[in-house]
Every structure is written in C-alpha cells, then in structure tokens.
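Structures are listed in the sections that come next.
Below, chain A partners chain B and then partners chain C, in two separate complexes.
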Partner chain A sequence: MAGLELQHIEKTFGRSRVLHDVSFEVGDGEFIVLLGPSGCGKSTLLRIIAGLEPQTRGSVFFGGQCVDDLSPPDRDVAMVFQHYALYPHLTVRENLAFGLKMRRDPKPMIEARIAETAALLEIHDLLDRKPRELSGGQQQRVAMGRAIVRKPKLFLFDEPLSNLDARLRASMRVELKKLHQRLGTTMVYVTHDQAEAMTLGHTIVVMNHGRIQQIGRPEQIYHEPANPFVAGFIGNPPMNLFEGSFSLDQRQLEFRVGDLTLRFPFQAHELIGADNGMATLGVRPEDVTFEPQGSGHVAITGTIDLIENLGHDSIMHMMVKGQSLMARTSSSLRQHAGESITIHVKNFHLFINERRIPLQSP
Partner chain B sequence: MAFPALTFVAVFSLYPAMDSFLLSLYSDFPGPERSFVGFGHYAELLQDAVAHQAFIVTLGFVLFSTALELLMGTGIALVVHERFRGRGWVRAAVLIPWAIPTVVASQMWRFLLNDQYGAINAILFGDRVEAYVPWLADPWMAFGAIVLADVWKTSSFAGLLVLAGLQVIPEETYDAARVDGATAWQRFRYITLPLLKPALLTALLFRTIDAFRVFDLVFVMTQGGPGDATQVIQFYGYKTLFTEGRVGYGTTISVTVFVAMAILSLFYVRTVGSKLLQREPA
Partner chain C sequence: MTNRPALISGILLAVLGSLCPFLWFALTSFKSQIQVEAIPPTWWPDGSLVFYASALVEHRLLHYVTNSLIVAGATTVVALVVATPAAYALARLRLPGKTWILGGLLCVAMFPPIVIAGPVWQILERLGGLNTHWGLILPYVSLTLPLAVWILTTFFHELPVELEEAARIDGCTTWQALYKIMLPLAAPGLFTAAILTFIYAWNEFFFALLILTDPERQTLPVGIALFQGEFIMPWGEIAAASVIATLPLIILVLLFQRGIINGLSAGAVKG
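So, the complex of A and B:
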C-alpha cells in the first residue's frame, strides 16, 4: 500500500497538449476519483500513473518514492480496463494466474491466491470458463479479480463500469465500495459518471481540457463548485447557469440577464469596492422551493414550460423573462404546463472571471 | 434467385469436372475409336514411379514454401502493424511482389538466376565468371529456387492475412499484459501468438491449397528439370496430356489432384473452418 503523489505532470501528443501541470496527492488507502468529460485527459493521466504512457514533464511518486523510471510491473500497480481486457484464449483461472506466473510466484501460492480471490468475488463457478462464456457483469468481476489477485500497492480503474447496464452498474458500485473498505488499498478511479464519483470517492479531482478544475470531497464539489464548469458538470439535472452582469448596491447584489433582474440580500465581501461587471450566476434545481421559508429567499415568477415526471420527483422546466430554468419538485405538485408559478430560491452561486465568489447573508 | 447461380456453377464447374472424370475413364486417344478402360489409368498412376516422385516434390514444395511464407508473413505483419513514419509506403511496397503476375515474377527469377548473365551471379561473384553457379541446373538448388520465388511472391499475402488477425487484437489486452508484467517476448508468446491462431490457420489453409496447385513457377523457371527434380504433380499432368498427348492418363492425374484438394479443403473447413466460424480464438 502506498500514497500517490503527482507533481506537475504534463503530456503532449505531437503538437497537442493533453495535460497541463497536473499535481495532486492521494493519501494511503484513499479512494480518489478522476472525473471529467471524455477527452479531458483523465485516462491518459491514469496510464501515466500505471507507467503505460510516459509523461512529457513532471514526476509520479508512490509512497514518497519516484517511480518515473519504473516499468508497470515494477510499479506494482494493477489496472482494471474499460473493456475488461481479459485474455480471451485463457480460462478465468488462467486469466487470474497470468500476472502471478509472469512474476514467477510459486504454484501453491498462485493456487491459494486464486482461491482467495474467487471466494472474495464469488466467481469460483466461473474459474474454468472462457471470457466469452461470461456475461458483462461476470467479465467485470473477473477483471477485478485479476487486479486483486496480485495484491498490488495501488489499484487503477479506467471507467470499469461504463459497459454495464444501469442496474448492474449501481450494484457493482456498491460492491466496489465494499471491496475498498475490505482491502484498504489506495484506489484511483477514472469516470465520466458523476454518480459513481460522488458515491465512491473520498476525494474527487474534476478535470476538463487537461487541467484540474477542482479537488475536493464530494460534498465540497457539490456545494462549493470552484468554477462554472464544475458547477455545470456536477449535479443532475445540472445547475442553472446564467451569464449576465452584476452590480453592488449597499447590502444587496443585483444581477441582470436579458430582461431578468434579480436582487438578493447576499453580500460578497470580496466584491466590496469592485466595479460592475460580467458574472455567472448559478442556481441548483434542488435549491428551488415553492413556499417561502425564512429570510434570504428570492422569489421569481415565470411560466411552466414542461414537467418531466421521474416518479419520486419531477423536473420542472420554466421560462422567466426569456430565461429558461429547471427546478426539482415533488411529484405532488399540481401545476400544469402553461400556468404561471412563483418559486423561491434559497441559494445562489456566483462566479466572476471563472472563479467562485463566496456569498454571505448580510 | 438461386437458379442463375446454380446454372453458372453447373456449366462452368460441375460439367468440366464431370467431363474430366469421364475422360479419365477412357483410353488415351480421343475420337470415335477410343475405348472404355474404367479405372485402368488410376491403377497405372498407383504404379507410376515418376508420378510418385512428382508427388513427393510437390509435398516438399508445399511444406517448405508454406512454412517459410507463414514465418515471413508473420514477420512482415508484425513490422507493418507497428506505427512508424512512412508505414503506408512500406505496406504498399510489401504487397508489390504479390501484385506481380506469377508468370512475370517467374521469368524475372529465371533471369536473376541465369548462370551466364543473371544478376545474382554478378552480385555474388562480379567479374570472376569461372565461379558463376548454374543455379537452375543443380537439382537441390533448382528446387530451392522455386521455393524461394514462391516465398518471395506470396509471403506478403500471408502477411496480409496475419495483419488482419493482428488488428483485431485490442490494444487494451496488451496494456493488461504489460501491467501484469509480461515482457515483449512474453506478450508475443502468450498473447499475440495464441490470438493469431485463427489468422494463421486461415493463411495456412489458403497457402497449402495454393501451393499444391503450383504450376506456372515450374513451367517458366525449370520446366520440371533438371531431371525430374522440380517436376511437381500438376506439371507432370500437363506434360503427360499436352506433350505426350495421353489425354486419358493426363486427365487422370488432374482428377486425382482435384480429389486430393477437395479432401484437403473439406478437412480444413471441417476442423479449422468450424473453429473460425465460431470465432473461437483457441
């Protein structure tokens, strides 16, 4: 087991730079998730950590030791791939044994490890089958088994659940979390699925265009997104983002977008003395209520465009003076499309120059 | 809809095959006075020492050329599968020998190996004319020469089939093997080779059947000589039929080769082919 540290990692392919100065640290036994849209460089970063791809600049440390010159097996990492990458001509047993055989572990030890792993993942029945005789979920288990059986210092997961159907994905997510609790080994997990990131990660590294956007605990990323990208990427449905201009007026902030003007009693200390300017205002669909509750709420009136019923709750799409806005509502809401409605927003996110500005109630 | 296809097959494949078979059951000289000899020619073939020799030469040719072509083809495929600058050109260049008609290629090799003005002697011995080797006059070297010409010409075809096999092995599989600690050789031995088996078997199938039918190389380069050293079975059949005019016996040889090929193809399709169709890379 070992902690992981990346220092100023850069990667260029030909003329295009896919990673810009990426640095972060992962504590021993931590579960860290690299989250971002496809093409953001997260998989490349994982391959650099594995030693499958050399970085252009920067260094990788395992447990304080620089591993830049070590080959993947010498780094003692195990990786689970997106398409499982099982050896199709070998049985499950042989797939599990492959890495152990390569490092010339004694036979009885290989047998013992396979038995142990098979028990842990409940795959004993599958040991003598070939990968093509397995379902997607079973293949996924075997791929994880192949990583576990080696007892590596570090586990690397490259979107391991993205090829499973939604139900299986949810149950594997839970198993993966249990597995981590049981093994206690450091895990680095790449995904574009925010639900996986939020449920699995101790820490989430949000990436976009090869740059780190924010590093934080899941609730931090959700409640205090560092910039509009993170704000829009995390959350389902995504945060409503409006680009407009702001002005400060004594104890309240005024935000204008098109014909819509919002005045709210928040104060941003950082902005005191700042001139009027461009800003992005964010409202989470979850931060909308239909009854005024306490102070600090801003009432907005608009018309309902469409209601998507999701069972437990609904997503209401509404138009407010030419701006569209989504709100999460309870399914018991008795309004219909075309009707006028007043909502109350209890929380705002303000970004200026791509940076979060903390808002305080006055 | 099947009717046109069936007609085509009947007219151009079944009828000639059946007619050849009938020809082989009659005495050698066609015409009204020919007589029915039954399987007499086949009995003769079983006793024919020259035919036996030709069969052995053919087997030797099939064995050596196919083995070398698979080996060279795999090498070629591994090289052009790698990413490097100018790979497209190399791929095209590798296919040139295959694109040249066999008769032209054979003629070229005959010139290259000519004992007096051949380029190979000139390159090896320069002005020392006394050292020039009459390559095609020596039984073993002549045999080697037709194998060499065939390998030169068809390795790239085998390479093409192997390359197709290489390209369906996902890159991730190799990444997994690298993380598992397999060296380049181990990746080749334990991943590439077993996963290449279907492609190699396909190449083997095509190449053996093709090599068995070898004719033009021998016709142009050696005429079966020196002696009968390069006389392959198809060439022997040709000679018997067209040079000696023994229509019945010559046809018998052809029909025998045809039947042998049919049996070999069936065997391949049953064993190798069924595995291929199951997409079982085992």
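So, the complex of A and C:
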C-alpha cells in the first residue's frame, strides 16, 4: 500500500498538449476519482500513473518514492480496463494466474491466491471457462479478480463499469465500494459518470481540457463548485447557468441576462469596489422551491414549458423572460405546461472570470 | 436479391468457368495415350494410371515435389518470421511515416516481377545464389512480404490495445506480449498469410525458371514445364503431374477454409 503523488505532470502528443501541470496527492488507502468529460485527459493521466505512457514533464511518486523510471510491473500497480481486456484464449483461472506466473510466484501460492480471490468475488464456478462464455458482469468480476489477485500497491480503474447496463452498474458500484473498504488499498478511478464519482470517491478530481478544475470531497464539489464548468458538470439535471452582467451596491447584487433582471439580498465582499461586468450565475434545480421560505430568497415568475415525470420527482422546464430554467419538483405538483408559476430560489452561485465568488447575506 | 435463379446460375457459371481447366486436365490425367490423342476428343477417361506412373517414375516428379516443399515451406516460415514483428510494429507503434511505409509496401507488391528479374539475377550471381534453394527463397520472401505484412497488420490492428497494456501491467515485455497474447489471437491472420505465401511460392514459375537451371534443384512448376521433350509434348504426364501439384494446395485450403475466410474478411465487420 502506498499513497500517490503527482507533481506537475504534463503530456503532449505531437503538437497537442493533453495534460497541463497536473499535481495532486492521494493519501494511503484513499479512493480518488478522476472525473471529466471524454477527452479531458483523465485516462491519459491514469496511464501515466500506471507507467503505460511516459509523461512529458513532471514526476509520479508512490509512497514518497519516485517511480518515473519504473516499468508497469515494477510499479506494482493493477489496472482494470474499460473493455476488461481479459485474455480471450486463456481460461479465467489462467487469466488470474497470468500476472503471478509472469513474476514467477511459486505455484502453491498462485493456487492459494486464485482460490482466495475467487471466493472474494464469488467466481469459483467460472474458473475453467473462457472469457467469451461469460456475461458482461461476470467478465467485469474476472477483470477485477485479475487486479486483486496480485495484491498490488495501487489499483487503477479505467471506466470499469461503463460497459455494463444501468442496473448492473449500480450494483457493481456498491460492490466496488465494499471491496475498497475490505482491501483498504489506494484506488484511482477514472470515470465520466458523476454518480459513480460521487458515490465512490473520498476525493474527486474534476478535469477538463487537460487541466484540474477542482479537487475536493464530493459534497464540496457539489455545494461549492470552483468554476462554471464544475458547476455545470456535477449534478443531474445540471445546474442552470446564466451568462449576464452584474452590478453591485452596498445592499444588493443585481444580475441581468437579456430582459431578466434579478436582485439579490446577497453581498460579495470581495466584489465591493469592483467594476461591473460579466458574470455567470448558477442555480441548482434542487435549490428551487415553490413556497417562500423565510427571508433571503428571490422570487421568479415564469411559464411552465414542460414537465418530465421521473416517478419520485419531476423536472420542470420553465421560461423566464426568454431564459430557460430547470427545477426539480415533487411529483405532486399540480401545475401544467403553459401555466404561469412563481418559484423561490435561496441559493445562488456566482462566477466571475471563471472563478467562484462566495456570496454572503448582508 | 429478387432474381435468385439468375444469381445461382451466375455463381455456377463462375465456379464452372474457373474449375474447367482443372477438370479437363484431371480427366486427361486418367486417360490412356490413345484417348489423349483421339480426334474427336473423348470426354470420359478409361481410368488408366499410366501417366501417373510415368510422371512419378520417369520424370521423377517426387523429386520436384520435395524441392517445392523445401522452397515454399522455407519461404513461408521466413516471410512470417519477418512479417510478424514488422506488422506488429506498424499496427502498434507511433511510427513517423507509417502510412508511407504501408503504402510503399503496397506499391512494391504491385510491381511486375519482370522489372526486378534482371537485378535479382545479377545480385544472386554475385552472391553465388544461382541454382540454390536459398537463391530462390530470398526473392520469394521479398515478393511475399508486402502481402503478409498487410494481412498481419490488419489483424494486429483489430486486436484491442488494452489487451497488450494488460499484458504489460502483468509484467510482459513487448516481445512477451507479442508471443504470449497477441500471436495466439492473431492465429487466423497467421494462417491466412502463411497459406497465401505458400501458394505463391508453390506456384511461382518465372523466377524459378530464371534462377534454377539445374534439374536437381528445380521446383514443380519448372519441372512440369520441362517435361516436354524436343519432339513430343507429353500431355498425359503433364496433366498427372499437375493434379499431384495441385492436390496439396486444395487439401491445405479445405483444411483451413474457415480461417482463411475469416482472415481475408478481417476488418470488414467489427467482431
């Protein structure tokens, strides 16, 4: 077991730079998730950690020791791939044994490790089958088994659940979390699925265009997104983001987008004296209510466009003076499309120059 | 799709058309000398094996078969041993000018062999390769390599990179990943490349005639062509020898039929 530290990792492929000065630290036994849209460089970063891809600049440390010059097996990491990458011509048993044989572990030890792993993942019935005879979920288990059986210092997961159907994915997610609790080994997990990131990670590293956007605990990332990208990427449905202009006096903040003007009883201390200018305003669909709740909220009236019923709750799409806005509502809402409605918003996110500006009540 | 009878008769016509010469000399090989020369020709042979006996004994056919086996076998082995790592590198590594290399190989494969005949002969003369088997294997390897490299590159390309990365994480060097993981998976491609190379070397006539003048070293096609004497054309023996020369190929192709079809259609449909 070991912690992981990345220092100023940069990666270029030809002329395009896919990673820009990426640094972070993972504590021993932590579960860290690299989250971002496809092409953000998260998989490349994982491959650099694994030693499959050399970085252009920067260093990787395991447990304080620089591993830049070590080959993948010498780094003692195990990786679970998106398409499982089980060796098709070998049985499950041979797949599990492959890495152990390669490092010349004694035979009885290999047998014992396979038995132990098969019991842990409940795959002993599958040991003599070939990968093509297994279902997607079973292949996934075997892929996990091939990583576990080696007892590595570090587990690397490259979107391991993205090829499973939604139900299986949810149950594997839970198993993975249990597995981590049981093994206590440091895990680095790459995904573009925010639900996976939120449920699995102790720490989430949000990436976009090869840069780290924010590092934080899941709730931190959700409640205090560092910039509009993180704000829009995390949350389902995504945060409503409006690009407009703001002005400020001692009492309130005024935000204008198109014909819509919002006045907030909020103050941003660090903005006092700043020039009025462009800003992005964010409203989480979950922060919209239909009843006024105490002071400090803003009432907005608009027209209902469409209601998506999700069973437990609904997503209401509404238009407010030419701006569209989504709100999460309870299913018992009796309003219909075309009707006028007033909503109340208590919590706002303000971003100026791509940076979060904390808002306080005056 | 709608005109089924037309489609079927078209297929039959094509098959018959390509089989016709083979059928004719197969029939001829079982005729007697009188039947061969009969006018009007007789269609159905009387089942005589005289020509086979004569081809095998008088014309020492098995001796040519042995030479052909040596040359075609060695060509296949050498071509594959060279083509495999080349194809693997072309499929996997970020090589500068990779498309140029592949395009160049294709161009070379399309060269009419006659263009290089002179230079090849001169080179072999200097090297002392005339009238030796290796002197023939060498140009055969260079002539079949482009096709073998192309077939294998397509195959390696189809295999997921993740498999190889998994192998590297499991502790394989590039070579180990190649022969422990990639080669077993590329077996259909290897078969295809091997059989096409073998068929080429087995059938090749022009270079064999040019390079091998010593009957002790000559291969089947040359041997059969030289059956003809100054005044006679032994059609029956030639037909019998041709049947014997064709049989191994037919057996090979039938045995590996499925693998070859898979190999030739690789890349057409994602598996």
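General remarks:
Keep this in mind: the second predicted complex is superposed on the first by the 362 of 362 C-alpha atoms of A that agree within 3 Å, B and C clash if a C-alpha of one lies under 4 Å from a C-alpha of the other, contacts with A are read in each partner's own complex, and residues count from 1 in each chain.
One rule holds for everything that comes next: a residue touches a chain if its C-beta (ideal position, glycine included) is under 8 Å from a C-beta of that chain, and two chains touch if they have at least 3 such contacts.
Keep in mind the model is a prediction, meaning the values are calculated, not measured.
On the superposed chain A, the two partners chain B and chain C do not both fit; they clash. Contacts of A:50 after superposition: both chain B and chain C are touched.
When the two complexes are overlaid on their common chain A, residue A:82 makes contact with chain B and with chain C alike. With both structures placed on the common chain, the touch criterion links A:244 to neither chain B nor chain C.
When both complexes are overlaid on chain A, the residue A:265 reaches neither chain B nor chain C. According to the touch criterion, the shared surface of chain A, contacted by chain B in one complex and chain C in the other, consists of residues 47, 50, 52, 71-73, 77-79, 81-83, 85-89, 98-99, 102-103, 146.
Contact residues of chain B toward chain A in the complex are 170, 172-173, 175-182, 186, 190-191, 194-195, 197, 280-282. By the touch criterion stated above, chain A contacts chain B in their complex at residues 47, 50, 52, 71-73, 77-79, 81-83, 85-89, 98-99, 102-103, 130, 132, 146, 150.
The touching residues of chain C, when paired with chain A in their complex, are 160, 162-163, 165-172, 176, 181, 184-185. Residue ranges on chain A touching chain C, taken from their complex, read 47, 50, 52, 71-73, 77-79, 81-89, 98-99, 102-103, 146.
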